[in-house]
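The structure's right below; bear with me while I get my questions together.
Here the chain labels run A, B, C, D and E in written order, and each chain numbers its own residues starting at 1.
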Amino acid sequence: TVAPLTASAATKIKNPFPVTYKSSKKAIKGGTVKVAEVSDTPFVGQWVQALSQEATDADVEAPALESLFWTDSQFKFKKGGPANITFNNSNKTATITLRKNLRWSDGSQVTAKDVEYEYELIANPAYGSSRWTDSLADIVGLADYHAGKAKTISGITYPDGENGKVLRIQFKTMRPGFTQSGNGFFLESAEPYQYLKSVDPKKLVSDAKTTTRPLTTGPFRVKKIVPGESIAYERNPYYWGAKPKLNGVNVTIISTAQAVASMRSHQYDIYQQLGNDQYKQARRIKGYTITGNQALYFSALYFNLGHYDAKTSMNVTDRKTPLQKTDLRKAIGYARNTAQVLQKYNNGLSVPANTTVPPIFGKFWDSSVPGYAAAQNLKRANSLLTKAGFKWNSKKTFRIDPSTGKRLTLTYLARSGAANSEIIAQNYIQQWKKVGITVKLYKGKLTDFNTWVSMMTDPTADQSWDFTDGAWSTSSEPSQTDLFSATAPFNFGHFASKRLTSLLNATNNQKSLKASYRVKQFQKYQKYVYDTAFVIPTSYSINWIPNNNRIKTYSSAYGNNPGGTKGNSWATMQVVSKTLAKK
Amino acid sequence: MTELLRIEDLKVHYPIRTGFWNRITDYVYAVDGVNFSINEGETYGLVGESGSGKTTIGSVIVGLEKATAGKVIYKGQDVTKASSRRKIHYNRDVQMIFQDSMSSLNPRKTVYQIIAEPLHNFEHLDNNAMDKRIKQLLDIVGLPQRTLYQYPFQFSGGQRQRIGIARAVATNPKLIVADEPVSALDLSVQAQVLNFMKDIQKEFNISYLFISHDLGVVRHMTKNIAIMHLGRFVEIGTRDDVFDDPQHIYTKRLLAAIPEMDVTNREQNKAHRLAIEKQYQDHHADYYDASGRPYPMRKLTDTHSVAMTREEAEAAGVASGKAEADALAKGGE
Amino acid sequence: MAKAKKIEQSESQAHAHSFLKAAVREFKRDKIAMISFFFLVIVVFGVFIGSMFIPRDAFSNVDIMDTNLAPFTNGHILGTDDGGRDEFLLVVIAARNSLSISIPVTIVIMAVGIFLGLMSAYYGGFFDWIWMRITDYLSIVPTLMILLTLLTIINNYSIWTLVWVISLFSWIGSMRFFRALTFAERENDYVKASKLSGSSSLAIMWKQIFPNLSSQFYAQTALAFAGNIGLETGISYLGYGLPYTTPSLGTLVNKATDPEVMTQSPWMWLPASFLILALSVSLIFIGQALRRVADQRQSLA
Amino acid sequence: MWKLILRRFLIMIPQLILMTILLFALAKMMPGDPFTGRFSAHTDIHTLLRLRREAGLDDPWPTQYFRWINNIFHGNLGNSFVLQKPVATLLGQRIQNTVWLGLLSLGLVYTIGIPTAVASATHEGSFRDRFWTTYNSITGGIPAFVIYIFMLFLFGFTLNWFPTTGSVSIDANGFWPVLGSRFYHLILPALSVALFSTVSLFNTLRTSLLDARSADYVRTARAKGVSNKRVFWRHIFRNSMLPVASTFGFDLVGIFSGAVILETVFGYPGMGRLFVQSITTRDYTTMNAIMLFSGTLTLIGSMLNDIIMSWVDPRIRIK
Amino acid sequence: MIIGKNLLEAKGVGVDFRINGEWLTALYNVDLSVKPGEVLALVGESGSGKSTFAMSVMALHNPNQSRVTGSIMLDGHQIVDATEAEMRELRGVKVGMIFQDPLSALNPLMKIGDQIQESMSAHSIVPKEQWQEHTIKLLDEVGISKPELVADQFPHELSGGMRQRVMIAIAIANEPDLLIADEPTTALDVTIQAQILDLIKEIQAEKNIGVLLITHDLGVVAEMADSVAVMYAGQIVERGTAEQVFENPLHPYTRSLLRANPSLDTLNDQLYVIPGVVPALSEMDHSRDLFLERVPWMQEAAKEKVSDVPAEPEEGHFVRGNAWKDFKFQDGYLEPGRRQKEAQSK
């Protein structure tokens, strides 16, 4: 028997960066901040959020877009933003009250209808939005509207009329996640109904009103767009809050390969979406300070244990594979030198994960679970394998699968993407070899993202892989149901058990409206994941953003409370000099 | 004297493609109905303006070009078709000497390889026999043995032409089509080649179809001569018939154009030439049909024939060549 | 018959002999070609023989503790790459792999090109028409896309996959080239003379016309070979290069894609780039010399 | 002449049809589809499947194919699933960029290649000649992208002489500043192409200059008492440009095929870059439209070649 | 009649070519002269140096690969050491040239009219506004029936005869005093050849210009030439009036050449063949009578050095060396000219 790893040894999620940067110099009036969005694809430039799904878009549009509600650093809604939301658990309603002076960037009022319109855009298939999820069906009448059975959404009402500032939403059930932003049960933005209503729904996505001449509510508004390349923002004179400090913001897309070089020549103030492999160079560049925060992200090793039955929409754990043995799965986890690789290639920007819940969720994350990634443990892997009956061959070069009597060989569906993907995959294969597990790459090569996705999402695709790496950017609500439940199509390993189902349900039922109860259920769930090792959490990561030292205050904090100043960080951003700081 | 080869009403028409679909819209009447025969051991001269169809006739005879109509009869056998030629190893008996000796010899082949090619294909000699035969051929054409492994570009024009001749006579042919074999050569070299052709003719009883536009050379070489113009014969006869008693206006014109080696009578010669030229221009319509081609032939004597004049043709009721050709073109489509 | 063969052989031997002699003379005369030739021989032999002594692990195993070492550290003459593999060994293996691609690809391109080019031009007519339409067609279809698609679909991507996938499209240029040459050559009377000498079409094509294209053939082969050495660089650049365990000069050069590697770790891509350049340039010089050898009239000697 | 063009067009039709079939089949054989790219924890897979179905991607291949072709015939290239715009609009912007970049680089190739070839040929065997010949054989041997990255790095980032990404500065306002900014963005990539891809132009022109020098008509011209300068420009140079002109059509088309790597390196938003992106995101409509465009362009290029040739070379007359 | 000063006077002209780094003599000690209104025919075998001489008169040799020695006076201008600029003034104005192969000698990319005008544009003899008119006139003069049309055509659209006429038009555009015609009819048909020769003769007579006619066709010479120069291996072996050379050929080479021509007498017989071949440039020793090497029975004489000053047995009739005195055909053949002579002397 081997002693379990202690929680403290397992993982320490440490943010190596300050969350907030503050310049000691005095801010100047006005100024334009230049933002670089690091991306190898152009931005789409879709301003209607119901129709947009690109992370890049969200980034480049941030100075002009503002969410209806403000949140705290734990993603909980709070008061003081463009609108407030209140819940009534007994009536099962939510009431959204817009600020009186909340206006679109052309000066027109934001109305209750504008908030409702966002639901129409997502739920009405005519608009072709890809953002409809079943979670929204909890709003009374929305599913019928989505299915075309109703002309209007019965669950959404206007106490002050359509042009008023109040909107009421009737739910079927109240959920524990309602107080968290990003819960997916209701929406957090509005669209200018009057401005867009005349556009043919089919053409709305490509219409100039949604792509190049948008109406927004944020501190800045669009001045000019070079499609796909860059956006120039100017102050929004109708902004409800304090007058934005900067004269303007320019956002430009630059390619990954250019990012570091561009930083070196001090071309932009802020670099968003830099890759982790670029950190090593970026951090040495003078004139920039990096702020950071834990990311809503985890990666995990999925074992292929069954299939997804499309008819019943159920995952069935029925695959004939030695991986059905828990000990083999654990051994694979232990034999991987995840921590070492993260250390070497991610420079502390990724850290070994112990569970599938990112630590940024605070109490919901169970720090006591040891996990498998903290340190490579070949000894333990070996003993688990031997225990499970996988004997070495005579030369001790590989192990035998007792069920077939043949060499234990597994297929690794490793993904391409980063510059070192292949090196890392080869490295893992070498590690597994050390404990006698022969691992081959799927089709002898790395698999690109598209192929991987179609293999994961198409039940009829080739399923002859044994394990693969998956990674998720999670929403700001910790629920794991969408990822691992028996009905979740994203449950790539197709693992399902009664126990798992009940554990996941417990985190989302009525009892869980009470926070402390919910936290307990989350901890139980995370223990179960560790014990069964149907999926092996491998890493968490840190978001990091270099900002030029001429920026007065820059913060990577979540929520509308960055750096002690209240509100929208774009509105409060200032610079201390006309040109970029070189030191 | 036995007849070796007979050409009957030979026609070669090349299609001209134009128009949107690149369809055949007209024909070049390169050869348009000629008849003649060559006897064994005889040299038959074929003279005419550039482009009159001389080479085309030669090509049809050796089988490099297909006849549109008409027949080629060799030793009584119809060899118009490629298959019938192949059966009797026709090209062992009928060979060709080309005008441009440089282009007719493969620059990458040694003399040995060049001469060996027909021997290899037709005679299937073993190596000793082959070597012997090639050496013998070199002797015949008067090239030293050491040239055996030289390449064509290492020879002079006359020597190259001899290599071509050696290749042509390698298989002991009965007939050689000599297409302007000396036009590209210098006077002194020309003499060499012509002499040599005569020599081997005597020795091996070879017949020549001797194509040239140099009347002096033709006169020197041949016994019977055909004068060709615009795809048709305008006059056939023995050398004396043609040179001493030319009948057709074109023949006269051709003869008048030969520069005479006669310094003293230069002016008369020129006057004569201009007179004939004028006559040719003035009486053109009498000798050529509506489409501009000569009329059919008529016999003057046993050996001498000449293309009819318009009057004669009309009297004989010969249809205009154009209509005939049109009919043929339609049939051919 | 047997004897006939023998003699023919000796004749061709004599020919080959004179070719060799001419080549020696030409190369003696052209010093640059001579240096190029020796360089090529040394590289090719060095790489193929040298790589036999390099164990597979040396270039396929990752050593993540020894990555990115500069030259002359820890006994790595040329440093190590981002997977901790010895750069020098990598270059040797990569050169072998790249040559193993470019040699067969060149052979296929030239063989198919000359074969189809000759046939198409010689027979002309419908045969030519069909082949020209096929090449037209193949040259309008976006080769790159088809390559990428094929490489996405194919399993177990190896050197041989690359060889045939690339060969699939690259014969077109050489076919057109030889077709044009043959068209010009066909007009010569020696072709007619050969016909009259009773040679078959095939014999005329290969024994008569082909030798006249040979000077161009040598030059083109050298050029194609030179072009093919860096062949996979483009494919690698777009992310479809050979797998990690099969290093090639293309994948090594591609490390320069990352501007950081390009400037900070030049040892990872410079040696391979130099090798490609040196091989291509020397092949061009050799090709020029060979053309003169085959066509003695151009000879410098 | 018009008839020939028309005939060439007619021949193009079956070629294009065959090409569309091939393109379509290949696109379908590639794993993934535009919707796999939208895959994330926040999207509902059923919604994606519904959209997929609505986009007709679940229909049998022939149905999809004929729908595609039918749309093309109606001038509708479809919508980009990924970039949410009509492909025509998308291409419109990109083609413009690529055309400008291509024309400028081609122009520069000519302005560099022609004088160097002339200098080389007129001083055959001199140092100048050897210099340019060596220069060309070396630059021809280096993989293009290595050069591009190097140029970008040196002149763009280190020396800061040129912009490093995009096609126009967002700060430029007004007609002339925008035009100027566009041009400024073009210079570095165009120059990078030009400096390192003169090899084929150089070689063709140099050889034909050397050949033309000893042509009989040059001797005739000299016998007329024409000045050396005129002999060179009117006779030697002009006639030597024939083989150069004969590939002009293909060079023009080459702009687009060469754009892939060039634009990727320089972050220049043209067709080439869009093409690579559409492959990685499996944006079939965009990808196929670009393919179709470049295929058609190749055909037009080869036709253009014929026309140019018949225009500059009177011996080739088109009936 | 031919009177007056020499238009062209070549004295001791030699031309050396650099071939593979070695200087070889292609033309040796050539003396020639042409008077206005005179047609001088230069005959000789291929490679004997006829074109080389013509090119030296035009000063068109590549100065890097050749050197010209001696003296060539063209209407009082020394050509041998003239600069390129001086030469340009002479070319086209003092001397025009017609080349052998009219297709390759015309620029395929230029219209006929432009090529003729270019000739005028090089000199200021014809005023610019008359170029067009003059071009048409020239084309008309050389016997082209639709000059306006042809001026607008390209060389490849014309037949061989027409192209040669265009060449002539180019050569005479500036009314040169001397016309050099280098094998102007070799590529043509007999009937067309006759026309072209007549044309040259006509122009020559009309404008009273000197013509240097290069050919190897003795018939052409007999029809055209006032005087004849026979070349062999880079040297003039015989020169004189046409009558002198044809009626009384002296040098063995001339006599052999005349004998080799197929003519009435030789019907059915073997033609006379000059044995041997012309020596290669590198094997030429110009101090001897090179032709004698080819005459088996005169090998002794072939070794003798020969004076550079030719003998002049009759007035204006020059012959090189002494062999002419003893030379006889071995087979007892009597040349026509000689037969007359012998008959006379008897």
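Simple rule for what comes next: a contact is a pair of C-beta atoms (placed from the backbone, for glycine too) under 8 Å apart; a residue touches a chain by one contact, two chains touch by 3 or more.
Since the structure is predicted, the reported quantities are computational estimates derived from the model, not experimental observations.
Asker: Going only through chains that touch each other, what is the minimum step count from chain A to chain C?
Answerer: Minimum number of steps from chain A to chain C: 1.
Asker: Most remote chain relative to chain B, going by C-alpha centroids?
Answerer: Farthest chain from chain B, going by C-alpha centroids: A.
Asker: Identify the chain whose mean C-alpha position lies nearest to the mean of all protein C-alpha atoms shown.
Answerer: D
Asker: So which chain is farthest from chain E, going by the mean of the CA atoms in each chain?
Answerer: A
Asker: Between chain B and chain D, what is the separation of their C-alpha centroids in Å?
Answerer: Using C-alpha averages as centres, the distance is 55 Å.
Asker: I'd like to verify one number: the distance from the centre of chain A to the centre of chain D, where each centre is the average of its C-alpha atoms, in whole angstrom.
Answerer: Each chain's C-alpha centroid was found; their separation is 40 Å.
Asker: For chain B and chain E, what's the span in angstrom between their mean Cα positions?
Answerer: Computed from C-alpha means, the inter-chain centre distance equals 32 Å.
Asker: Distance from the CA centroid of chain C to that of chain D, rounded to the nearest Å?
Answerer: Inter-chain centre distance comes to 26 Å.
Asker: Multi-chain contacts only, two chains or more: what residues does chain D have there?
Answerer: Those would be 30-31, 149, 152-153, 157.
Asker: Residues of chain A touching 2+ other chains?
Answerer: 257-258, 261, 448, 451
Asker: For chain B, write out the residues touching at least two other chains, lowest number first.
Answerer: Answer for chain B, listing residues that touch two or more other chains: there are none.
Asker: Residues of chain E touching chain D in their complex?
Answerer: So the residues of chain E touching chain D come out as 58, 60, 84, 87-93, 96-97, 99, 101, 104-110, 115, 118-119, 121-123, 154, 156-157, 167, 170-171, 173-174.
Asker: For chain D, which residues are in contact with chain A within the complex?
Answerer: 30-33, 35-48, 50-51, 54, 79, 82-86, 89, 93, 149, 152-153, 156-158, 160, 164-168, 170-171, 173, 264-265, 267, 269, 277, 280-282
Asker: Once bound in the complex, which stretches of chain D touch chain E?
Answerer: Residues in contact with chain E: 215-217, 219-228, 230, 234-235, 238-239, 242, 312-315.
Asker: In the complex formed with chain E, which residues of chain B make contact?
Answerer: Against chain E, chain B makes touches at 49-50, 156-157, 186-188, 190-192, 194-195, 198-199, 213-217, 219-220, 253-254, 256-264, 266, 269-270, 273-274, 277.
Asker: In the complex, go through chain E and note every residue touching chain B.
Answerer: 45-46, 160, 188-191, 193-194, 197-198, 216-220, 222-223, 242-243, 246-247, 256-258, 260-263, 266-268, 270-274, 277
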